[in-house]
Amino acid sequence: IRRILRTVCTPYCLFNCCVQLFGCSAAAQVKTSRETKGQFLSVNMAFSVGVMSAMYLTKGITGAHLNPAVSLSFCVLGQVQWGRLVPYCLSQLLGAYVASALVYLVYYDAIMDFSGGDLTVYGPNETASIFATYPSEYMTLGRSFLDQVVGTGMLMLCILCLGEKRNTPAPAELIPPIVAVIVLGISMSMSGNCGAAINPARDLGPRLFTLTAGWGTEVFTCYDYWFWVPLVAPPIGGVMGTFMYLIFIEWHLPDPDQPDNDSALSISETIKQPGPTWEKDVELKSSHF
Amino acid sequence: IRRILRTVCTPYCLFNCCVQLFGCSAAAQVKTSRETKGQFLSVNMAFSVGVMSAMYLTKGITGAHLNPAVSLSFCVLGQVQWGRLVPYCLSQLLGAYVASALVYLVYYDAIMDFSGGDLTVYGPNETASIFATYPSEYMTLGRSFLDQVVGTGMLMLCILCLGEKRNTPAPAELIPPIVAVIVLGISMSMSGNCGAAINPARDLGPRLFTLTAGWGTEVFTCYDYWFWVPLVAPPIGGVMGTFMYLIFIEWHLPDPDQPDNDSALSISETIKQPGPTWEKDVELKSSHF
Amino acid sequence: IRRILRTVCTPYCLFNCCVQLFGCSAAAQVKTSRETKGQFLSVNMAFSVGVMSAMYLTKGITGAHLNPAVSLSFCVLGQVQWGRLVPYCLSQLLGAYVASALVYLVYYDAIMDFSGGDLTVYGPNETASIFATYPSEYMTLGRSFLDQVVGTGMLMLCILCLGEKRNTPAPAELIPPIVAVIVLGISMSMSGNCGAAINPARDLGPRLFTLTAGWGTEVFTCYDYWFWVPLVAPPIGGVMGTFMYLIFIEWHLPDPDQPDNDSALSISETIKQPGPTWEKDVELKSSHF
Amino acid sequence: IRRILRTVCTPYCLFNCCVQLFGCSAAAQVKTSRETKGQFLSVNMAFSVGVMSAMYLTKGITGAHLNPAVSLSFCVLGQVQWGRLVPYCLSQLLGAYVASALVYLVYYDAIMDFSGGDLTVYGPNETASIFATYPSEYMTLGRSFLDQVVGTGMLMLCILCLGEKRNTPAPAELIPPIVAVIVLGISMSMSGNCGAAINPARDLGPRLFTLTAGWGTEVFTCYDYWFWVPLVAPPIGGVMGTFMYLIFIEWHLPDPDQPDNDSALSISETIKQPGPTWEKDVELKSSHF
């Protein structure tokens, strides 16, 4: 037990801590400087750099479960034991909480100066959106839900293919920056509606922090108790993206000619391939664009 | 037949779906937030990330035909059978259509809020340009045509060289991000006139979607039936770029010293080299800048 | 002695000179053009490119000690002899000073035109911030200190893991751009409060230059003698980040199965591993996200 | 003769044509859209993408002489025969001229709409700066000269080290994007004064085109016949940067332990090493930051 706690908590915690530290700091910097020291794009980019750094920091130890939605998808794929899912998620949540506290400490003066000391969720001087995500005013609940499902689905679909040797594998040592670019793409294209949390821990951790740090219960009650959307929708989206990957890509790949000696990079071993195998098409493969 | 349909439709469809999903979502985000959640550059970057992700997703299966103009060029080069061109293009078109529908679903509230519920092609609250491309007001028809020819030509010229082992090959595993950067470059430099479609499927798919989703026939009739330009010009530009590549680069490369054992990366085998071969110039090659 | 001076001074000097030349020039360009020829993000990016270029220039010779805070951390890790710390730092300082002088020469006309010939530290036409860093007006001293500690800690934590073969190593030849991206991330997320110096030499060198070039003693006395913060806090932060890396990552890594033949890439040899070793967890490693 | 003409003209021409096509198109797009379809940073990035694409297109054939200043430096280093310098430069000039003409054709409508049909060098509607570079109003002649010398020196210093195996070599297949990032860095930090031509061909080719296309002789006479600065200063800067590289880096590198079998990547063979050799410092090299 202690061993699992130690090996699980530490790096998972650190992973989300690192992502959150880069991302929320950038959000604080852009917000409190009223966009004079960065812009919306900076925040997207900083989250992306955080993902890259966090993956280099912990991928060798933990397998770099980006977030609870990704961990759940790996449970569904049979690559992670179900019993580990809850401690993983709690560690990820703890990391996000700690990072939020650190960002608050570092940007305390700036936040106080910006908000005039009044920590609110609404209005031009709101600062809650530095930490957790909130929907745009025009959003309906169902639309928010769809937005999170699609965003997380895109994430899973795009990262699952990177290690597949029978497709176009990315170089193993460069997977962190490539995943970072994908995250950047998603946050540039899917954050218009409700901030592209696509990660329950990334959203709940900071929200709990703002609850305890003085923003009040409004962080949970605002927008008609909207807070549950980025908790529930991303896991659903992640699993749906995983199945889409299996259906549209994985099951069309040819059987491996030679046994893979680096099983860490292949998903296929753990999954029964029910469908007909894909006929290798030489002319198709002879062109590579 | 069924086999070809399955192997062709699925990944091609997915490829364009992925590109379109990133790109059009970013366009929707930037447009409906009135550039507060991103800017013109974000849209370019999101399309570029979409291309990278789509290539990692499907390149191993399909050879990653970026778009019908690229597929046609490969037919001309003799690398793809002519009979496959039409089903490829239809799949690409279908993918673009499906992605547009998904973007519309996700950004429905935002689009309604931005446009006041009035889906138009002209005016400050127009939303049609989120999906398909439209020319600037000052453009003449011939100029639009030239713009698309030049843009697609640049694309083909720049991507054909990446896999050539006798020149400066890009690492095979990193071709997706490099192609993505080239697409980014083209959309930063060639979208001033009419939006750098350089892809018939990327333009017609969303345009058909907007026709069916409430923008009306104006999406086709506007700007004096301009819609045919991004359908006709990119294939012509792609083929011209291919021939420029053959004339200026390919035929100047030295004969391969050793037979290539990875024929997938070389174009030269399928083409007769009519011109005189290029004399290898040791001093020249000894400097590499 | 002469030999050490030559081998130490030249590349260290050059390293900081290169970083500063890119970064401060970009700051001068953005400032004097009143953000018409670039923006806050450009300055961040230019510093980042400077780090990449400087690492390619000198890493093979010096081991690319990014800054005195990093050098101190390596002394603490036992990888650099303590006696070399002072000459290293002085060389880094000299490089930053020389680069500032060069930037001043190149942008002299622009600075004079922008400031009206009045070189000041405060006010809308201040130009001192092109060279050294200054805090935002609302910052307290303690908060500035924390800001620098956290920023430098993030830097050390993120770069120490890049070469660790038992974790997820970055490709050795691509470490310069990856470190550059990390520096970009830190300057996008941690420069809101006081400019993310995270480097005593990068801050003191230019500050000394501005003292001698006509900005007067105000560059040291302003903001209640704030100048000592970026001198004292980054080394503390760097050492703290190093220990966090050791505690949370390094000591959890498995014992190396085979003896490393490339000891340059591993930190572990020089450190006794007091804690219990980490049990390799096959299921965890079998998934890599 | 014919053979040299063919091998020299074609790829050199194409190289500069490609760079110019990306860069000047982006400048046209940003300028004529009054920064609504891009910004200053887009132009920098497009030039950078152009450099990358051009290097992948032609580096295998020509050694990718970026510009006449770089070619001259290679002559000085003894790697290129002096007799080839003039045809190289003329080809580079021709490529830049042709690309400018193509950009003019593609953006003709936009330029006419923006300028009201009046092609001028001065004023708010000037369009000459789309093609060639012009100094800021406050610049003195000597300062412009220094600016170009420093910019080109930085370029040479930063790119010469990339292929040196005894230092930190960049991966040969990824040198094009790395050089592109360096060019991006220089254009973000050194274009405030007079546009960072750092390339005689890139400046004279478009200037000749604007002379012939209707901007009149003012493109040469304006700013007191300023046009000679980007012709004369970059070669001087390039040679100075090369010597700085030799003095500060190359002569400090250790003697190669084993004979290089890939002489294309090493500069050292062609240069006598007069100075004392550098003593390899094991502790230094054991840390790699």
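For reference, chains read A, B, C and D in written order, and residue numbers begin at 1 within each chain.
Definition applied: a contact is a pair of C-beta atoms (placed from the backbone, for glycine too) under 8 Å apart; a residue touches a chain by one contact, two chains touch by 3 or more.
Here the structure is a predicted model, which is why all the values come from computation and not from measurement.
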Using only the C-alpha atoms, find the rotation that maps chain A onto chain B and quote its angle between 0 and 180 degrees, to the nearest 5. 90
Most distant chain from chain D by Cα centroid: A
Centroid from C-alpha atoms only, then distance chain A to chain C, rounded to Å. What do you get? 28
Suppose each chain is reduced to the average of its Cα coordinates; what separation in Å results between chain B and chain C? 40
Residues of chain D that touch two or more other chains: which are they? 39, 41, 171, 174
Classify the inter-chain contact topology: is it line, ring, star, complete, or other? ring
Who touches whom among the chains? A-B, A-C, B-D, C-D
Partner chain D, residues of chain C touching it in the complex: 3, 6-7, 10-11, 14, 18, 21-23, 25-26, 28-30, 32-33, 36-39, 41-42, 45-46, 49-50, 52-53, 55-66, 70, 74, 77, 79-81, 102, 105-110, 112-113, 159-160, 163, 171-177, 179, 263-265, 270
Sites on chain C touched by chain A in the complex: 39-41, 44, 136, 138-140, 143, 146-147, 150, 154, 157-158, 161-162, 164, 166-171, 174, 178, 181-182, 184-186, 188-193, 248-249, 252-253, 278-279, 281, 283-289
